[in-house]
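Scroll down for the structure; my scribbles are underneath it.
Going by the order they are written in, the chains are A, B, C and D; count residues from 1 in each one.
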Amino acid sequence: TFSFQGKDIHYEVYGSGKTILLLNGILMSTLSWAEYIEPLSSGNRLILMDMLDQGQSAKMSGPYKQDIQADVVNALCEHLAVESLCVAGYSYGGKVALQFALKYPKRVERLVLFNSMAWTSPWIADIGESWNQAAKLDGKAFYLSTMPIIYSPHFYEVENKWLTDRQSWVLPVFDNPVFRAAITRLTDSGLGFDVRDRLSEITAPTLVVSGELDSLVPIAEQTLMASKISNSQHVILAGSGHGTMYEASLAFASLLYGFVNIPKVAYSHK
Amino acid sequence: TFSFQGKDIHYEVYGSGKTILLLNGILMSTLSWAEYIEPLSSGNRLILMDMLDQGQSAKMSGPYKQDIQADVVNALCEHLAVESLCVAGYSYGGKVALQFALKYPKRVERLVLFNSMAWTSPWIADIGESWNQAAKLDGKAFYLSTMPIIYSPHFYEVENKWLTDRQSWVLPVFDNPVFRAAITRLTDSGLGFDVRDRLSEITAPTLVVSGELDSLVPIAEQTLMASKISNSQHVILAGSGHGTMYEASLAFASLLYGFVNIPKVAYSHK
Amino acid sequence: TFSFQGKDIHYEVYGSGKTILLLNGILMSTLSWAEYIEPLSSGNRLILMDMLDQGQSAKMSGPYKQDIQADVVNALCEHLAVESLCVAGYSYGGKVALQFALKYPKRVERLVLFNSMAWTSPWIADIGESWNQAAKLDGKAFYLSTMPIIYSPHFYEVENKWLTDRQSWVLPVFDNPVFRAAITRLTDSGLGFDVRDRLSEITAPTLVVSGELDSLVPIAEQTLMASKISNSQHVILAGSGHGTMYEASLAFASLLYGFVNIPKVAYSHK
Amino acid sequence: TFSFQGKDIHYEVYGSGKTILLLNGILMSTLSWAEYIEPLSSGNRLILMDMLDQGQSAKMSGPYKQDIQADVVNALCEHLAVESLCVAGYSYGGKVALQFALKYPKRVERLVLFNSMAWTSPWIADIGESWNQAAKLDGKAFYLSTMPIIYSPHFYEVENKWLTDRQSWVLPVFDNPVFRAAITRLTDSGLGFDVRDRLSEITAPTLVVSGELDSLVPIAEQTLMASKISNSQHVILAGSGHGTMYEASLAFASLLYGFVNIPKVAYSHK
C-alpha cells in the first residue's frame, strides 16, 4: 500500500524482469488476475493495482474525473522508482492507460489496450447510466444489467455452470451498497473522456486487442483507435465478447506475454 | 377489433392486393409502423396487429406462453377469412411468426424474419430479466436498460436529436406501470421458447434479415437459423443495430416489399 | 440494336412500367439475366444491354476508357426517348452506373450498385492484369483465373455440379480468342477510374449491395462508397461471394424489385 | 543439411531454449524468415527448414503427397535428437504441421497454425490450378496470379513501394522455370488432403491465427478448424490478408513468442 493524496492505494508486485502493470476493468480488482499471476510473473515483474474506488484501495467521497487514476499510476511509478514500464489496461483500465500514455509518455515502453476505446460516447454513457439505475436496486439487478452485456452469448451458454458457481461470491459483493456506490462513481468518472484527437501523439508500440463479439465496447471504435495510433497493431479474439480475459484467456495471456517480451519488432510494416 | 378468448385484439387493414401481416417487436405497437403504412399498402393489403399485452389490444392478467400469440394470428386470419398470407415479424414478432409458420404452415406464403432467433437462450433470458428489474424502478431506468442495446452506437450518436425528441412521448409511455407490467409479461412469455430443431419443417420461402451490429439478437443465431430453413436467404443490413426498421428503413422496406411481391423466384440456388 | 458512334449496340426491352436498366458485369451479357427477365419485367419495363465489347454488341478495335460505356447508356436513353430510369449495375456495370450517374445525373431516378467500387485500386488492377495474362493462354486458364475468385468457396463446393455443367457452354466461349481479347480491353478500360472524391455529388437514392465474402471487390471499398453517397443504404448478402446474382438470387432480385418499386421512402434516417 | 530418403534437406538452427520449428508457406524459404530470426531465437531454439521442393532443399522429380513433408519434419527431429517441440506452420506449412501433429502426436508440445485449413477444398484446388496455368507462362504471370490474392488490398496499396522494390529479386526467382515447376509440384501435393474428421485427435494446445481479410484461406475454414481442435484458441489479425507475416508482423511474432513461451495456461476456458 502507498498513499496518493491521502488515499491508500493497494498494489501487489510479483517476480522480476521487465515490468508489466495491469490496470483493472471497472468491476475488477487485483483478485481478478489470480490465474494470470504465475504465467505473467515468470520472467517479468508483474504489478497489480486497485485504482481509487476499486478493491482494497480507498473509496472516494464524491465525483472525480477518470484521469486522476492516471496520476495514481504515475505516483505508483514514483513510489516504486520505476522509470518506465509496459502498461496493459482492460476496458476502463485501457482508458486509464491511454490517459497515462498521453500525460506521462516517457513512462510507457509498450502499451496494450484490451477492449478499450478512446472516448465515452453517448451510447456507452447511457449503458453506464443503465448500470447506475440498476445499482439503485440490489446486487441481482446490478448483476443482470452488467454480466450479459460483458460475456458473449456463446460463453454465457457453455460456461453457464462457471458463471452460476461464481455468483456465490460475486452476488454478495454486488449486494454491498458501498461497492455499487463506488462502481457508480467509477462509471461517472469516465463521462467527458475523449482523446480521439490525441491518439497520434502516442509513439509507444501499441497492441489493440478486441473481442470479436464485444457488445460493450464496439469493435469499430477499436479499429478506429488502432488506425490512429501510428505504431500499433490490432488483434481480434475470435468468438469472444467483452470478457476476453475469461473467454479467451490463453490467447489473452499469450498476446500480453509475447508483445511485452519479444526483443525486437520484426519488419517495419504496421 | 375482434375477440380472442374474450380478449379484444386491435388490428388495422390498409390497401388491397397480396396480404402482408406485420408482427410487432416487444416494445412496439401498430403505431410504430406509421411511416411504413403508405409504402407497404400501395399494391398490397397491409395488416397491422397489436398482440396480447401490446398497444390497443387487451392486457393479460397473468403469465402465458408466447405461442398464444400465434393462435391470435390464426384467429385474425379466420376473422378476416384470409386463407394464407405473407408474414413479417420483427424481433419478438419474428419468434411469433416462426411459431405461426410451424403451427399453421398452410397459412404462410412467405416469411420474413427481422432480427429474430429460434430460441430464448440463457443469455437473452438474462437480458430480459435485466429489463424486468429495471421495470421495477421507473420509465427512465427502463428506457436506459432497453434503448442502448437496441440501437447501434453509431445511430445513437448521429440520431441523438431524434432519440431525444422521441423521449417526449416514449418516456411517459414507459413511466406507466401498466405498460411496464405488460412488457414484463411479454418478456417472460418467451422463456422456454426453442424451435431450433423444427426449422427444417418450414417450407415457405423465407428471408432472414439481420442488423450487422445487433447487440440483442446475435447474428450468429440468425445465420444458424437461416442455414436450417431450407428455402431461405439471409441478408445483413450494414451498420445497423437491432433497430433495423429505424436504422435502415429504406432497405428494410425494400426487402419486405420486394420479397413479398416478386412474382417468381430467380434460380434454384439458395 | 441501335448505333453508337458507328457501333451496333444490342439491347432488349421487356414489359412496361417504371424502367429498370441492368448493366452487366464484365464477363456477362444480356443472356446472363435470363432467369431475371420474368420477375423483373412483371410490372416494370426491363432493359438489358450489351456494352461495347460485350455479348452481341460491336467489338472495339483498340483501347478505350470505361466512361465511354456511360455515353452508350445515355445514347440508349435518347434512342428510346427515356427521360429518366432506375439503373442497376453489377461489378463492372456498377462502375459504369456510377459514371452515368455522375455525368447524366438527371437521368437517374434510383441507383443500385451490386458488388462495385468507386475506383480501380492498384490491387484490383493487378487482379485484372492476371486475367489478361491468363487470357493469353486458353479458355481453361482464363476460367481458372476468374471463376474461383468470383464465387465463394462454399458456393463453389455445394454448387459444384452446376458450375461443372455450365462449363460445357462457358469454356467454348472462353476458348474464343476474340472473346478473350474483348474482355482484356474491357478490363483495361477500367484502369485509371476513380470517382471516390465525387460520390457526394450523387443525390439519387442509392442501394449498395455487397456479397459478404466478395474476394474480388473488397467489402471495405463498398462500405466506404456507401458512406460517401448521402442518400444511400448498404446491404450485405450473407455467405455470398462476388457472384451475388447466382449465389443469392432471390435476395438479389427482391432487393432490386423492392428498391425500385417501393412508392415512398420510409423515414429520413439513412 | 541432412539427408531424407537420399534427398538433401536444408535447415538452420539459432539460439537455445524451448524449440520452435517454423514451417514455410508454399512460396517461401528459410530466407523469408530473416527478420524473425533475432526476436524468435532470443531465449528459444529456432529451427528453420526448407521442405522438399523448397529453397535450398532438394527438388523432387515427380509428383508426391503433402504428407511426405511431415515425414521430413520427423526425420529432422530424429537427426537433431529433438524429442518434442513447438511447431508453427504458415499456410502450406500449417497443413504440414497438422499432418505432423496427427502422425507424430508425441512430438508436438504446442501447435500454431497461421492462415491454414484442414483440407484442400474444390475451390482452393482450382486456385492452385490457376497458379499452375500461370506458371506455364513466365515469372510475371505467376507473380500476378499469386501476389494480389495473398496480400490484402489495403496492404497492396500502402506498401506498394515495398512490393515493387521486392520485385527486383522476386521476379528473377519466379522467372526460373525450375522454381515454377517445383511450386507446381508443391501445389499439387496438397490435392486430396483432408483431415477435417481427425482434428479432434489433436490434444496439443493449439493457436489458430487468421488474417481478417484472407482471400486465399477462407476464415470460415479456420473458424471450423479451431472449433474442432479441443484445446485451441482462434485469433484474427485485423485488416490483414493472407500475408500475415508481412502485414501484421509484430502481432504475428508476439503471438508466436507468447504462445510458445508462456509457462502456464491461464484458466480452463477454451
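Everything that follows uses one rule, which is that a residue touches a chain if its C-beta (ideal position, glycine included) is under 8 Å from a C-beta of that chain, and two chains touch if they have at least 3 such contacts.
Just so it is clear, the model here is predicted, and its values are computed rather than measured.
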Report task. If we define chain centres by averaging CA atoms, which chain lands farthest from chain B? Would you check? Result -> D
Query raised in the report: Distance-wise, how many Å sit between the C-alpha centres of chain B and chain D, to the nearest whole number?
Result: 48
**Report entry** Rounded Å distance, chain A centre to chain D centre (Cα mean)
**Finding:** 35
**Report entry** Two or more partner chains touched - positions in chain B
**Finding:** none
Requested in this report: Draw the chains as points, connect those that touch, then say whether the picture is a line, ring, star, complete or other.
Outcome: ring
Query - List of chain C residues in touch with chain B within their complex - result: 35-36, 38-39, 42, 155, 159, 162, 205, 207-208, 210, 212, 223, 226, 233-239, 246-259, 261-267, 269
**Report entry** Contact set on chain B toward chain A in their complex
**Finding:** 121-124, 126-127, 129-130, 133-134, 136-137, 140-141, 144-145, 147-149, 151-154, 156-157, 160, 213, 215, 218, 220-221
